[in-house]
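The structures considered in this document are given below.
In the two assemblies presented below, chain A is common to both, partnered first by chain B and then by chain C.
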Partner chain A sequence: MKKVAIVMRKAPYGSVYSAEGYRSIMGLGVFEMDVAVAFVDDGVYVLLKGQNPAKLDMKPLGDGFPMLSDFDVKQFYVHAESLAERGLTADDLVMGVEVLDSAGISAALAGCDVVLPF
Partner chain B sequence: MLFMINKTPTQYGNLASALRIAAKGQPILLYEDGVYAAMSGAQSEALLQAALADHPVYALEADLEARGLTRLVPGVQVIGYDGFVELVEQHNVAPWI
Partner chain C sequence: MKIGVLIMEGPYQHQAVDSAYHFAKAALARGHEIAGIFLYTDGVNNANKFIRPPGERNVNGMLDELGALGIPVIACSACARFRGLQKDMVSANIRASGLGSLAEFITAADRFVTFGD
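The block that comes next holds the complex of A and B.
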């Protein structure tokens, strides 16, 4: 079976990309596919703690990611430089993730057959 | 003229572009993904400091809350939808999307 990488590069709420990415990850997990998720550029904002979009009449997106381990999705990689550029550290995120430098992200993607961008 | 910014400063050039065009004193409103520019400690803080030197800068509270943004650059004025409406009533609008 092919190994799939989901690359999240957009901030949440401002577009449907992050929410659709989440749905795709869950779908791949349900079908027991091997999936890795990489958060790069504005995608790191998806995992920021304390999101509350009630006033936008939307559901909090970040809170859903820790639950993906129930679907056996457990490979989460966050790009270190993207975090640092935004004044963030791993402590600002909703879950424990593997923080990788650019070469690490590159290697993680190289291990996948397909890259789906969100 | 009210310049309205709804994209992140890290991946899009909307705020930088608006700051080139906006005259001194004209207000800047950060909304939707534009509110990420109000975060302190980010590389984009220099851009926001430049904005604050010449313009009143507002950020929409609902969009800050949605995204979990609490560490804001001092000087940014957080407003609700009522404040948003007031700004739009007081100024012509330049949506810099």
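The block that comes next holds the complex of A and C.
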């Protein structure tokens, strides 16, 4: 089974990338892929608690991630420096994640067969 | 080597499709195989056969040329729906299909390369 990393790099709203990254996790997960998700740069905002994009007529993207464990997606890596640069900590996120420094993120991605950047 | 390709940006706004085309041609020239090209998000717009740029390269024609070589070129069907791209608008050597095709290319490929923003 191939191990695929989905890398969330962008904010949850303002462009389609993070929402599509989420859809790709669901989509690839059903095809027998071992899927890991990494959150870097503005991608850490995807997991921020208390998102309310109702005025954009959109659904809160972060809410879907805790449910992914039901689909056997259980590896979530968040870049420590990206969190710190934005004044965030792991407590600000919708779920428990593995917080890794740059070297840790690099190692996690290097351990995957394929990396898909969103 | 078998190489899978993902294109995430649409025609002319971004270089992704051009780079992917030239990458694929160069890889084929070196004796590599392209397992498949998946057009994702705005990338599906490159499948539109009505693209007719006056006096410029035709990015749909470029992808269609790769499809004519027998390389599977697949446009994400859900992304196509989001963008109003209908089946009869897709050029002859490109097909619409789901993320299963992306999974298939990933499985088949030794290396997988994304062209996007």
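We take it that the second predicted complex is superposed on the first by the 118 of 118 C-alpha atoms of A that agree within 3 Å, B and C clash if a C-alpha of one lies under 4 Å from a C-alpha of the other, contacts with A are read in each partner's own complex, and residues count from 1 in each chain.
Keep this in mind: a residue touches a chain if its C-beta (ideal position, glycine included) is under 8 Å from a C-beta of that chain, and two chains touch if they have at least 3 such contacts.
All figures in this text were calculated on a predicted structure; none of them were measured in a lab.
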| task | Assess the superposed three-chain arrangement around chain A: do chain B and chain C clash, or do they fit? | result | fit
| request: Kindly classify A:P12 by the partners it touches after superposition: chain B alone (first), chain C alone (second), both, or neither? | output: first
| field | Residue contacts with chain A in the superposition, chain B compared against chain C | value | B
| said: With both complexes superposed on chain A, which partner does A:S24 reach: first (chain B), second (chain C), both or neither? | reply: second
| request: Once the structures are superposed on A, label A:Q51 by its partner contacts, choosing first (chain B), second (chain C), both or neither. | output: first
| said: Quick check on the superposed model: minimum Cα to Cα separation from chain B to chain C, whole Å please. | reply: 13
| Residue ranges of chain A touching chain C (in the complex, touch as defined) | 2, 4, 16-17, 20, 23-24, 27-28, 31-33, 113-117
| note | chain A residues touching chain B in their complex are 9-15, 41-42, 45, 48-56, 58, 62, 85-88
| field | Contacting residues of chain C [partner chain A, same complex] | value | 4, 6, 40-42, 78-79, 98-100, 102-104, 106-107, 109, 112, 114, 116-117
| query | What part of chain B is in contact with chain A in the complex they form? | reply | 6-8, 10-11, 32-33, 36, 39-43, 45, 61-63, 65-71
